[in-house]
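Shared between the two complexes below is chain A, which pairs with chain B and chain C, respectively.
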Partner chain A sequence: MDIMQVDPEWGWAPYRPSPETPWNRQAAAHLYRRAGFGATAVELDEAVAGSPGELARQLVFGRPEPDTFRQLMRGMVDSMIATGDASRLAAAWLYRMLQTPDQLQEKITLFWHGHFATSAEKVQDPIMMQQQNDLLRNNATGSFQEMVQSISSDPAMLIYLDSASNRKIHPNENFSRELMELFCLGEGHYSEEDIRELARCFTGWEVKNRRFRFNRYQHDFGSKTVLGKTARFTGEQAVEQVLEQPSAARFIAARLVNYLLFDEPVVPALLVEPLAAQLRADDFQLGPTLQRILSSNLFHSPFSRQRKIRSPVELMVGMLRTLEMTVNVNELATGIQEIGQGLFFPPNVNGWEGGRSWINSSTLLGRANLVYRVLADEKTRFAGGSLEEYLAGHQVSTLAQAVDWFVDHLLAIDLAPGRREEISGTIDSSQPDSYRQLLHTLATLPEFQIC
Partner chain B sequence: MKMTRHCFSALLAWILVSFMPGILRAEKTAAQLLPASTIFFAEIEDPRELADTLVEHPVVEKLLELDAYQQFLGSPEFERFKRILGSAEEQLDSTWPEILTDLAEGGISVAFDLNTQGGALLAEARDAESLARLRDTFLKLAANGQQDGIKQGEYRGVTAYEFNEQVKFVTIENWLIVVTESKLGAAILDRYLDSEQDLHETLAATDTFQSARRTLKGTETAWAYLGLQPIRLVGGLAALSTAARENMLVELLIGGIVDAAARADYVTAMVRLDEQALEVSMALPCDDSSLTEGREYFFGPGGQGQAPPMLKVDDTILSLSTYRDVAQMWLRAPDLFTADVNDALAEADSNLTTFFAGRDFGEDILGSLEPQLQLVVARQRFDSQRPIPTIKLPSFAVVAQMRDPEVMTPELRRIAISMIGFFNVVGAMEGQPQMDIEMEKLGQAQLVTATFLPDPNQQPSQVKIQYNFSPTAVFHDRLFIISSTRSLGEQLLAASRKQGQQDDANLAMRLSFPALEKTLADNRQQLIVQNVLEDGATQEEAAQSVDVLLSLFELVQSLDLDLARQDGHIQLRAILSYE
Partner chain C sequence: MKTTRRTFLARSAAATSVFSFSSSVPCFLQQAGLLADETGQQRVLVVIQLSGGNDGLNTVIPYKQTEYRSLRPTLAIGADQVLRIDDELGLHPSLAGFHKLLENGQLAIVQGTGYPNPNRSHFESMDIWHTCKRKTEQRREGWLGRYAGSQRTGAGDMGSAPGSQMPAIHLGQEEQPLALASEQVRVPSIHSLDQFRLQGSTPESVRASVESLVRKKQAGADGLLDFVASSTRSALAASKQVEQSTRNLSSGTPYPSTRLAEKLHIVASLLDSPLETRIYYVTIDGFDTHGQQAGAHASLLRQLDGAVSAFFEDIQARGQSNRVLMMCFSEFGRRLKENASKGTDHGAAAPMFLLGDSVKPGIHGALPSLTDLDQGDLKHHTDFRQVYATVLEKWMQTAGQPLLGAGFPALPLLRA
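Moving on to the complex of A and B:
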């Protein structure tokens, strides 16, 4: 399939299973991997018994976290915050990714964390970092407009982009530049003059005691011309003016498609347009567009399969969720940071580059080592028991069966003919940890890195 | 009549000559059977009494009542263990307690011999018949399980058995002798079979062992001896010495013991177990002539340094009271520590001298304090009117006496204020809460207190760890207290007015488990969270684990540790009390 030639109408139309693209465990696993992190064998069985459209709807709207889980998370986050160390927050977030029933919410929150990249390296304060994380979560599938308005006055963001003391005599252009370039419009849809004028709109926006404060004495109340319109814009009005640009909806739609469907190429304009139109029609409510993407022909087409490289978080959380594993989450957070995705510590304002940049000789080895460390840790359990017991519960009792089971549940792409036998042949089945060795061997394969 | 007396004497002599070897053999102890080159010896004189104490012990009874233990009883692992145990009992036609009693009613000893590099276990059974029956059953079981596992040999008419080519054993009369080296087995049998002890030097006859034996009080459940001279010759104590030279804290805690061990001939250890306490103590010979000048800071002039009486406050978790002339140690550092440690100390000395306005830290600041020091750690009770931190730490304080209060009180007060100011500046740069300084009088005492200002924007569930602290310096006459909280400083001031009991200890420590349990219980939610994150447990599992931990602390009351010089020995004693 040539993505440039895909008919947008067909592409975003609801997927109907057919003999060529059947609704089966592979298709359901694909949906779970992209909309969340991964599915257990039981979840896949339930998924194929239902319809793909219903599953996509459920993933977007139908799996809210119970109050008890929210309370547990609140207590956990408070404990991390009380240490005063922002790096501790990563473990609590990973725990949420592993245990939440609302996988999509966390997957999309992770997307916005990279999109509105803010690093605790500079912000330091765990309370502000968590406030931003909550903001992204609360708006993850809600209104993009509200999210941008909120992020514009988010204390962590203002500190990160040096806007915490934005004065009218010296407007800081960092935030206004990133608001247009990275957050809402993309390059080429604004001028340097727009940046300067937009910066004036945010003067007087300050952070005091971890809260946003509008200092009217530092705000420039004068007339500004932003993106072709002249008015006495406030900061909020300026955000509205940015989002009214036709390129805003296109930019967000394209980012979501790249995040959920394929790393490369850049989404063709024709394909973006229907989604952008829907976003505008929905007042930038993200949920319906996400549901449309995840239940579309294009999403379920062969083109969108095996088109993404797993980020470190997707790699580990995906494996852990699929195999119902419980692990030392503090060490997991450290391990994931070591292989390039420190939660709450994105590398720069562009966030993580993603795609092929996740993989190089160093990170590939690091990924395999992290999987090994997790598997070798005596605290690691599989649905509360050993890997052997877990596999036995799925009627797996030989290495050959185990290879089949792991490939079917963990890999997005099948192995070349003969490879399954070749891999199981390298493991000594008499060794007590042969299944772990097998799983580790699979984790070192290039196929394991694809999602 | 005379003839009759002669006849009786001859008869007696004949009886003695004929039967004396047997009588002598029967009276020999394990130490008399072991060669003089034995460097380690440990014995339990009455294993049966120990077993009875353990079975009926209140702590064991409480442990058995724990939910976690009850769950373990129903686990497949325990079922498997029970099956193996039952099968063995069936084969031996006896129960395990009876088997143990049969095997070692007269005592059990273990030893290590330097010359043969062999280990030995000597058990004195109830009687020769019981032992023979156990031996035969064991041989039968072993033969069933492993046809070639047991080899037989003979030494001086005694059948010896070799198991797995590593363990050799014999039974002779009511003795079971197990060794790892044949030569050691032969040496033990020689001493058993030969009536004249002069033929063979024994452990029991060595001067060192006899000196060590004099430390016995007769109440020991178990006793152990380690000859230090041979160990020293092969550099076996070097690690201990290196640890003290490389780590200041290790030197402060055990530097004097390490120094004494460098000259001592032996060390003994004793365990005493009863229903109230478990006592473990170690003794090293150390008379006045053994004390070196370099460790005067540790033992005091003439070895007379005494720890101050312990101050008692509510919910004390840990109290450590000691004699340590830290200023002298600081100045003797080049002799005591490695070059790396001395470099670090020189750097610290330079920084601290700057911080203390040019006064030499070692001589002027540490030297201004008497060598009697005390560390107190106590559970904190939080004022409901102030922010209550999410993670609740215990408060802690150091208590000392100033040599010259008139000079040092204003000096230390000024330093305390400077330090608070310094921390405020550093904290402000990192966005941390700020401290307010307060100076007040409490009777004749002066207090300098710093309190973290409440953060109006802080959520009650996210109060930072800093709110555990309200650093306080207390000055009263010669008394100087530096405390992490005002409350503990005040409590210690009040406690210092009550005359505590002075004992002879160089160091005394008490760890209170109820207070520790309360402190952990204060942080139950945080412990659960950590358990969830680190063990991957569910919230329910984590809560259960934490509650088991807390219930374990309920089983014991306190751990007391003291270091003292008594009867020509340095004695380190630890007592774990249950009630």
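Moving on to the complex of A and C:
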């Protein structure tokens, strides 16, 4: 079957379990991996006892971080900021991804970090970088409109796109170009003249002492023509005008579907339309659309299963959450950066390309080596104990059982027939670290890179 | 016995046909369909990027010219110190190895290279050298990345052979130079040999079992899985190859203990292996000598000289030197007049270097005038893309125009 042939009505209708598409541990694990990073064995048990629609609702709306956890995170972030080194923020963020009850919030915040890509390489200042990260988190599943308004006056963003001192006589076009091309509309939905006119609307938008400041002496109060409408646009009004374009809702809906469902191909226009209509009807509130996507027929169909390459963050946070592991997050952050996903340091304004671009010789070897280093680190714990104790708690006491258990919980693709036996046969069970060797081997397999 | 490229080729030739390998060929190469080509495909380009803007005037020194001496009151290097090339020019005293290579007929110096309307920002000028395009054009690929992409074999299966996946390798910790960016292939950056080696308490058994598990194409495998599986196969093969090629790194001719020398030592080892990689790219940073230039510049050139000399001795001893062309460039030269901090500011035209058995040795082109300047800087007379075109057409034997974006006439820098 071809994705182009999928009936949009069926595609976005709520999924009802059937004998062909049962609601089982694999289906629940799929939902957890895509909406968040991964589920523990206990979470899967609970999931299959309930309904898929209810779990999707919970993942989007029902698991807010308790205040105590937020305070803990604030303290950790502040201690990272105190080092003055923006790269340390990545460790705190990874800690949050690993420990938060609200996995989806972090998964979607990561999406926005790639979408509104801003790098500390240029911004330098960890305080402004974290301010932006908080902004993305606070709006992650809220209103896209508010998000774009906030990001347009976000100090880190203004610095990153050379807009921090945007002067009347020489408007900087960098931000206005990206606002339309990368953030809201996509290529082909605006003209070069729109870019120039839009840039005028943002003149006088400055950064002073890490805060946004409107400098009326540098603002061009004249009339501008943006996307077919002429007015004395302010920056805020210009953002509204951009978001009123029909392509805005389509653009965001398509990006979300590719992020959550499949790397390839670009979502067909017909499938985008119902979601775009909903976004508009909801005043760009993202939560209901996210819930609809995650509880849909299409989400649970073969078009979405095993259709994504795990990003470095998904690879590691997924494994760590699934096995309830605690690790040194500073080293984890460095390791994830080395295999291509430096949090707070996206490669360029386009963010991470994702999909196949995660994979090359260096990164594949790097992935295997990072898993090995984490497993070999004596400080690494599994639900507070050793891997052997952890597996024993799940009634696993032989290599063959361990292969089954790991494959069932960690892999989105089952191994070809006979491969499970083949793998357990390659490991010497008398070795004290045989389970770790097994996990290292599994993590090096191509199947492990896909979710 | 160590398998050198030469013996590998001999073995391949001994097989009845290139596609039916004898059992003496290592299995992973057989799998990968790695073939050596007799048509000169195995020529290699080694690029050394001097980052920061190398002071060309204190590298190839016009020691007799009054303007040079008068405008550089503290930095000028005198006739008695230079390593004399001829009655006009001499090399910086740190470049004794380069001087010897010149005498051996292995060094060509291309004077006055640059491009029209020179940009004096490091970032922008380096991007121009990397992509051959200006800021107003789309720059997603570098000139060598485009070359690497053009070498890709078999659409959609870029991971099938180490050679096809690694037409180029970047060695170093720094971000991969834009010159190597390609939309077709992923050029690996080997950050360190350690990271490019499969680690583990039993890496060989992990490797063996993963190799055996991804050995066959899974029937009906999904596109993504297939892609990752073939990438995994070639990653393991490449890693093994790199590991074997660099196992006896300490043996052979000696290298100085500098980062650059270490990288060139690895390049020499990889050259001397069945890897099909055609381009190796390394950088040395620090040439942005705005203040107290004399000592810093001497030290940088000494590092360059030591590493390059050791490299050529090594590849000569390995019998590889006729396969290698080396090219050194920097994003711009420096201003003729020294500044108030005993340094020099960003300039424009500067010399490039080509090294190897195949160069036409000596000075090519005149030193740009020291009196007819552009904003205090030397004017270029040779577009750097002509040097690139020469390298691509006369050495790599591929058309320059599609890779450089326009036709540039090649220069007579190499022996026919």
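By definition in this document, the second predicted complex is superposed on the first by the 451 of 451 C-alpha atoms of A that agree within 3 Å, B and C clash if a C-alpha of one lies under 4 Å from a C-alpha of the other, contacts with A are read in each partner's own complex, and residues count from 1 in each chain.
Here, a contact is a pair of C-beta atoms (placed from the backbone, for glycine too) under 8 Å apart; a residue touches a chain by one contact, two chains touch by 3 or more.
Computed from a predicted structure; not experimentally measured.
Novice: Quick one: chain B and chain C on chain A, clash or fit?
Specialist: fit
Novice: Going by the touch definition up top, name the partner, chain B or chain C, that contacts more of chain A.
Specialist: C
Novice: In the superposed arrangement, which partner chain does A:Leu323 touch: chain B (first), chain C (second), both, or neither?
Specialist: So A:Leu323 meets neither chain B nor chain C here.
Novice: Once chain A of both complexes is superposed, is A:Met97 in touch with chain B (first), chain C (second), both, or neither?
Specialist: neither
Novice: Which partner chains sit in contact with A:Leu261 here, chain B, chain C, both or neither? Use first/second/both/neither.
Specialist: Neither partner.
Novice: Just to be sure I read the superposition right, which of the two partners does A:Asp433 touch: chain B = first, chain C = second, or both, or neither?
Specialist: In the superposition, A:Asp433 contacts chain C only.
Novice: Go through the superposed model and pick first if A:Met129 touches only chain B, second if only chain C, both, or neither.
Specialist: Touch status of A:Met129: no partner.
Novice: Using centres of C-alpha atoms, tell me the angle at chain A that chain B and chain C span after the overlay, to the nearest 10°.
Specialist: Apex at chain A; the opening toward chain B and chain C is 70 degrees.
Novice: With the two structures laid over each other on chain A, which partner does A:Gly84 touch: chain B (first), chain C (second), both, or neither?
Specialist: Once the two structures are laid over each other on A, A:Gly84 reaches chain B alone.
Novice: With the superposition applied, I'd like the minimum CA-CA separation between chain B and chain C in Å.
Specialist: The answer for the closest chain B-chain C C-alpha pair is 8 Å.
Novice: Of all the chain A residues, which ones make contact with chain B and with chain C?
Specialist: none
Novice: Within the complex, which stretch of chain C touches chain A?
Specialist: The touching residues are 165-166, 186, 188-191, 195-202, 205-206, 208-210, 212-214, 218, 222-225, 227-229, 231-232, 234-235, 238-239.
Novice: For the complex, which residues does chain B have touching chain A?
Specialist: Those in contact with chain A are residues 389-391, 430-432, 455-459, 461-466, 525-526, 529-530, 532-537, 539.
Novice: Help me check something: in the complex, which residues belonging to chain A touch chain B?
Specialist: So the residues of chain A in touch with chain B come to 72, 74-76, 78-79, 81-84, 91-92, 95, 124-125, 127, 209-211, 325-331, 379-381.
Novice: Given the complex with chain C, which residues does chain A contribute to the contact?
Specialist: 263-264, 306-309, 338, 356-357, 359-362, 364-366, 368-369, 372-373, 376, 413, 415-416, 419, 422-423, 426-428, 431, 433, 436-437, 440-441, 444-447, 449-450
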